[in-house]
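What follows is subunit A paired twice: with subunit B in the first complex and subunit C in the second.
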Partner chain A sequence: MISHEREIINSMSGPELIRLAKALSVPFTKRTIKRSVMEQSLYETLEKIRKTSDNELCELKTPAINILEMRKDFGRKVAVRNLKLEVNPGEIVGLVGPNGAGKTTTLRVLTGIIKPTNGTIIVNGHRMDKNPIEAKMKIGYIPERPTCYPSLKVREYLTFIARIYNVPRVDTLLRIREYVTRFQLDEFLNSYIGTLSKGNLQRTLLAGIFVRAPPFILALDEPIYGLDPRGAWSLKAHLKELKKQGSAILISTHILEVAEALCDRFYIMNDGDIVGMGTLDELKIQCPDTRNLEEVFLTLTGGIPEE
Partner chain B sequence: MSVKTPTLVKNELKMLYNQFVRTITTPSMLGFYIITISGALFVSSIASTLFSLAPLFMPMAGLLESTIDQAAIFTAIGLLTLGSVGSGYFGVGPAEVLESPDEYIMMVSPVQPHQLFLGRYIRRIIRKFYYIFLGFIVVLPIIVQSGLVASGIMLAILAIIVFLEVNYFLGGICSIMKNKIDKRFKTRFRFLAFPIIIAAAYLPSLPVTTWHPIFQLGIPANQVSVILMQLTGIHSPGIDPITVFVFLLVSYFIGLLVLTNISDSDYYELFSTKMSKEEAEGSFSRRVRGQVDFSESRFTDPMIWIMLKDFWSKMRTPLQFWKYLYVIVGIALGIYLNLFQPLWLSPLPIPPQYTHSIIPAFMLIVILLTQMSSLTSLLAFVEEKDNIYLLRASPFRSKDIVLAKYLLSILEIGATSVPLYLFLLYFFRVPGSIYLLTLAAPMILVFAATGIMAGAYVPVFTNTPKNPPVPLAFSFPAINLVLGGIILWIASEFANSTMLVAVLPAFTLFTVLLFLSLSVRALKSYK
Partner chain C sequence: MSDMTGESRVVFLKQWRNYIILLVIILLIPYRWALPYTTTSTWFTIEGLFYILTLGDNYILQMTPVYLLSAINLILLIIPSIYFTYRKISRTEKESIKSLGLVTILLTLIVLAIISKESFISNLQYDTAPSPTPNLQYLPGFSLLLLFFTIIVPIFTREDNGQDQNIDEDSTGILGRIKEQFPKTGEGWLTTLLFILPAGVTVSFLNSGFFVFDGNLLFEVFGSFYTSLFEIVRFGQFTYYSGSIVFGGIVSLDNLLGSFLWSTLLVVFALLYLQEKIQRRLLIVGGLLSIIPHLFLMFSSIFLFIYGGTSFQVYVPLPLLQICVVLIIRRVNQMKGIDARELSKRRGSEIVKVPIGYILTSSIRRLSRGFRREEKESPSNATDTQSGEEVNS
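Presenting the complex of A and B:
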């Protein structure tokens, strides 16, 4: 962790190093200072802080996401019917289904935007209806259609999100630098969000959910949407890394190749119902004569069309 | 564990500050601001000439006092609260202050619903005060010219704003009440809650209660009535308006605290539902709602197609039906008044010494009324929201798009202006008024073109075309009022010459073509 932070400090710009020095209360009394000396000084102070503080990563509860008998009605229309879904730490679960199957509604209920008609949502051991603040503290959400405050600059937005989630100032600065580099947002840091392209807006939202302390519980609705191949590759690699670190990730996507490459298990939804669940091998057993996720999906949601 | 409210407020203020910085650092936006302020001051100085006709309006105060009793004033202002409570009951309450990004950022974050409401509300109120400040600058020449007491006017404006905010709180509280009642009870008796709430909101403004000083000073609608009566001198109750304003402020803070405290995550759901159902809100029938398949139209011209699309899209908004109803009823009433001149509604008596000096005032009112109606043209492009890029990418020529928007705007402005002109003609008996009114035609043509131009520039200035930048929206009336003034000048300058029939159409044509070509240019420069 410490050597990783050293890399981040090395990649920081001059003003960022000064901000970090202020946050670490490192006094620099000379008018000019060599960058390497400053970096070393900051690094040593950070090392001391990390050694004295409780540096253990908190672990997620198992299951990290637990949806019990959830039903959501919109008037007479049943959007989701008796859904049971679990995501454990260290697992990426795919939620796939045709348009209007109820995937987005599931994620909106899971993240506390709307309430279920029936059923219980438990996030990291906290019930969304009883302890929404504790439940929301751990969950990160990327919506299907990315949108954000157009009058904020990217740096302001990331700092604001860090404050909302009570991220310490030092960690905020380090993580902003880390994820800005990872998602290639450097040149947009001081741009207004309203002027960003869809892809860069998506990257900004992604950086926003990662300024919090890992491990994460993520609900991602089409996270690859709008990203260029490099951005998509970077995100997929990062999600795999997070999985290893013990994060619990639920991804809703239409891109079955992405789901197949990333996810350990799948929930296939159709018309508000779960029509199939399990690992790809288990699904293949459930649907004989299928070779991949695409064929399983088509079989379970209306049959494979004839060529 | 939860975030502190000042963090949210600080972020709201940051967003407001950034909007302001973006505005003043964008040269074109700054240009529009300068036009707005200088134009508004110009118009304000013209409007201040109306005060030389003050004696005309003087008897009106006495007339009002003799015809309307004090209780009627309380009752009339109480209607505003009644309306707010009624519409609030069926509205979205605190969700009104939310924005679409909130759904995915704030609603999912560890923020208490009341904190989110408070943060957003503070931004709303700061924006309101910014508009009041702009408005005050605009009316400053009128205040100076008329010798009115600026503090009195400020107090009246503040009292009205605070009162409207209190009404907003009452509406919000009713919305939350409805939500709770609907969740708690399933019997039909729950519908009785609405008349009970309405009665409770209106009863304190009815004559049975308003005679008592406690009701006069304890109910927001009555408080504002007392302030206005005291400031205008109509039935002045002899109570210091500042003291009553303090009472009104107390009501304001009580309302704010109550609404903040009862705001829970239910209003997230209301907001979410509102977002998904934005276009399907209340209306009467399929046709009134504009749910008409106009793809079967026999027209093939792209311009007509865009007009049809706009017409039926507008009909899908609830307000449009009422607008057309107003046009029909207004025209019928206007014709009736002018033809039969009923005794129960007499025109404004004009003393003979003001017969000629009243003409500029009459024309100024014509300009203002036409300007009011021409707001539709500003919205012609703004209402397209993000679809404007889709329209731009469609195989239509830019000039066809602009022309379609312009022609439909002229129809809309014409329709909504006619009832206003008919009422003006009846109440304001000015010699030759029917001839003077013909000048409204070039005004409609020109104002529609400026509106189209200002609206077309919105996506050039902002990436969120559904929100017109403030200076753009403000400069639109300023430009129009100056152009209206020029039309009047041309008419008076060439009044005794046959050149008028050449100069006025030439000016109108030139201005319209100029603004429409600027619109086409704006459309071509979309990012």
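Presenting the complex of A and C:
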């Protein structure tokens, strides 16, 4: 972790180093300072802080996401019917299904944006209906249609998110630099969010999620859609890293190649029902004569159309 | 292709369409000009991998004929790569394609060796000297390009995550140390292949004419030097005849290697430069090294002209191919989010200017710490304040 933070410090700009010096209370009384000297000083101070503080990552509860018998009606229309879903730490689970299957509704209920008609949502041991703040503090959500505060600049938004999630100032600065680099947001740091393209807005929201302390519980609705190949590549690589670190990730997508490459287990939805669940191998057993997720998906959601 | 889904088939066909367009463009890119001087006529040639374009006295374009055999050769060489792409698309991103790639590279080299041998023998009846005719010389270069685009770059872009997993592995022993040298980026892997692959391609091409120890290269180079020495001893001086034999060997060497082995050298230097592992000066050295064969050819030609020849040629290397390869590597770097120049741009100057407000705050903080230290007069507190000590530039 420390060497990783050293790399982040090395990649910071001059003003960012000054901000970090302020956050670490490292005094500098000369007008000009060699960058390497400043980096070393900041690094040593950070190392001392990390050694003295209890720096162990907190672990997520198992299951990190637990949806029990959830039903959601919109008037007479049943959007999701008796859904049971679990995501454990260190697992990426794919929620796949055709348009209108109920994927987005499931994620919106999971993140507490809308209430379920019936059922219980538990995030890291906190019930969404009883302890919504604790549950929402832990979950990160990327909606299908990203929206955000248009009159905030990217840097302001990231700092704002860090503050409302009580992220220490030093960690905020380090994580902003890390994720701004990872999602190639450097040139947009001082741009207003309202002026960003869809892809860059998506990247900004992703950076906002990761400003908080890992491990994460994530609900991502079509996260790859809208990103260019480079952004998609970065995100996929990062999700794999997070999985190794013990994060629990639920991805809703209908890009089956992405789901197959990333996810350990799948829930296949159709018309508000779960029509298939398990690992790819288990699904292949459920659907004989299928060779990949695409064929399993087609079989379970109306059959493979004839060519 | 029966187990390929409709979407995969479209991806497969699109990839191959792109590869073929790319290969055709690169085969058409000229890599050097040959500007001859003769006492009787003026003409020059533009040389690509697949052709030699001659602009004659009356500026009539002549192109070295490309035989049907050449087209068949290309198709045979492409087959292993087509199979590789097909298998790659059928596999998920989690499945490794490295060993498959290695097998495909070996298969392509074997095909190259077989093709070269057959074509070489068939060409002997037309030539008195046992050297490949021009229509064969594009084969190593073409194979190298093919393997680079269809196998190395796809493996490299696809398998980066797998390489990351090895960072924390045991770094003792020779293999461990090699791994340490090339952490994270995996570019070392590519660099190594850039060295090995041209060598493999060249060796499989060279040793195709005869048995290994009686290879075309050995025969041409050492045979010509030996004959030349014999001539010098016989006549007591260096003549046009003995010189032409020596330089004939050099020309054969260049014909066989093409500029590819040397171009690769420049690519490696450029790669190291992009990673900020070498300075610009070394990059220039790499660039100069890559044009050595052209300079060698040029001087040998001029030398023979001085010794009674009727013409000489000036070879001007065109580094378009090198630029293409460097651009591709940069693109790969960008895909991986490693752009050293971007980093250096963000880091800005090596001197950081501290705002005056912060200098004042720091001074006040320092003073107050000094007062506190005096008040307490406790030596044990001295160590605590060291962390906040000013750093002198």
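Here is the rule we go by: the second predicted complex is superposed on the first by the 307 of 307 C-alpha atoms of A that agree within 3 Å, B and C clash if a C-alpha of one lies under 4 Å from a C-alpha of the other, contacts with A are read in each partner's own complex, and residues count from 1 in each chain.
Definition applied: contacts are C-beta pairs under 8 Å (C-beta built on N, C-alpha and C of every residue); 3 or more make two chains touch, one makes a residue touch a chain.
Everything numeric in this text was worked out from a predicted model, so none of it was measured.
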item: Overlay on subunit A: subunit C relative to subunit B, clash or fit; value: fit
item: Which superposed partner A:Asp171 touches (first subunit B, second subunit C, both, neither); value: neither
item: Subunit B versus subunit C as contact partner of A:Trp233, first or second or both or neither; value: second
item: Degrees between the directions from subunit A toward subunit B and toward subunit C, using C-alpha centres, nearest 10; value: 120
item: First, second, both or neither for A:Ile139, with subunit B first and subunit C second; value: first
item: First, second, both or neither for A:Asp271, with subunit B first and subunit C second; value: neither
item: Touched partner set for A:Gly194, first subunit B, second subunit C, both or neither; value: first
item: Contacts of A:Cys148 with subunit B and subunit C, given as first, second, both or neither; value: first
item: Subunit B or subunit C, by number of subunit A residues touched; value: C
item: Least C-alpha distance (whole Å) that remains between subunit C and subunit B when both complexes are overlaid; value: 23
item: Overlap of the subunit B and subunit C footprints on subunit A, listed as residue numbers; value: none
item: Partner subunit B, residues of subunit A touching it in the complex; value: 108, 111-115, 132-134, 136-137, 139, 141, 143, 146-153, 156, 160-161, 163-166, 192, 194-195, 208
item: Subunit A-touching residues of subunit C, taken from the complex the two chains share; value: 3, 5-7, 92-94, 160-161, 164, 334-337, 342-343, 346-356, 358-359, 361-363, 365-366, 387-393
item: Touch list for subunit B against partner subunit A, complex; value: 1-3, 7, 11, 14-16, 18-19, 22, 99-101, 103-105, 107-112, 265-266, 268-269, 272, 462-464
item: Subunit A - residues contacting subunit C, complex; value: 10-14, 17-18, 21-22, 25-38, 40-41, 44-45, 48, 181-182, 184, 186, 229-230, 233-234, 237, 240, 257, 260-261, 291-292, 294-295, 307
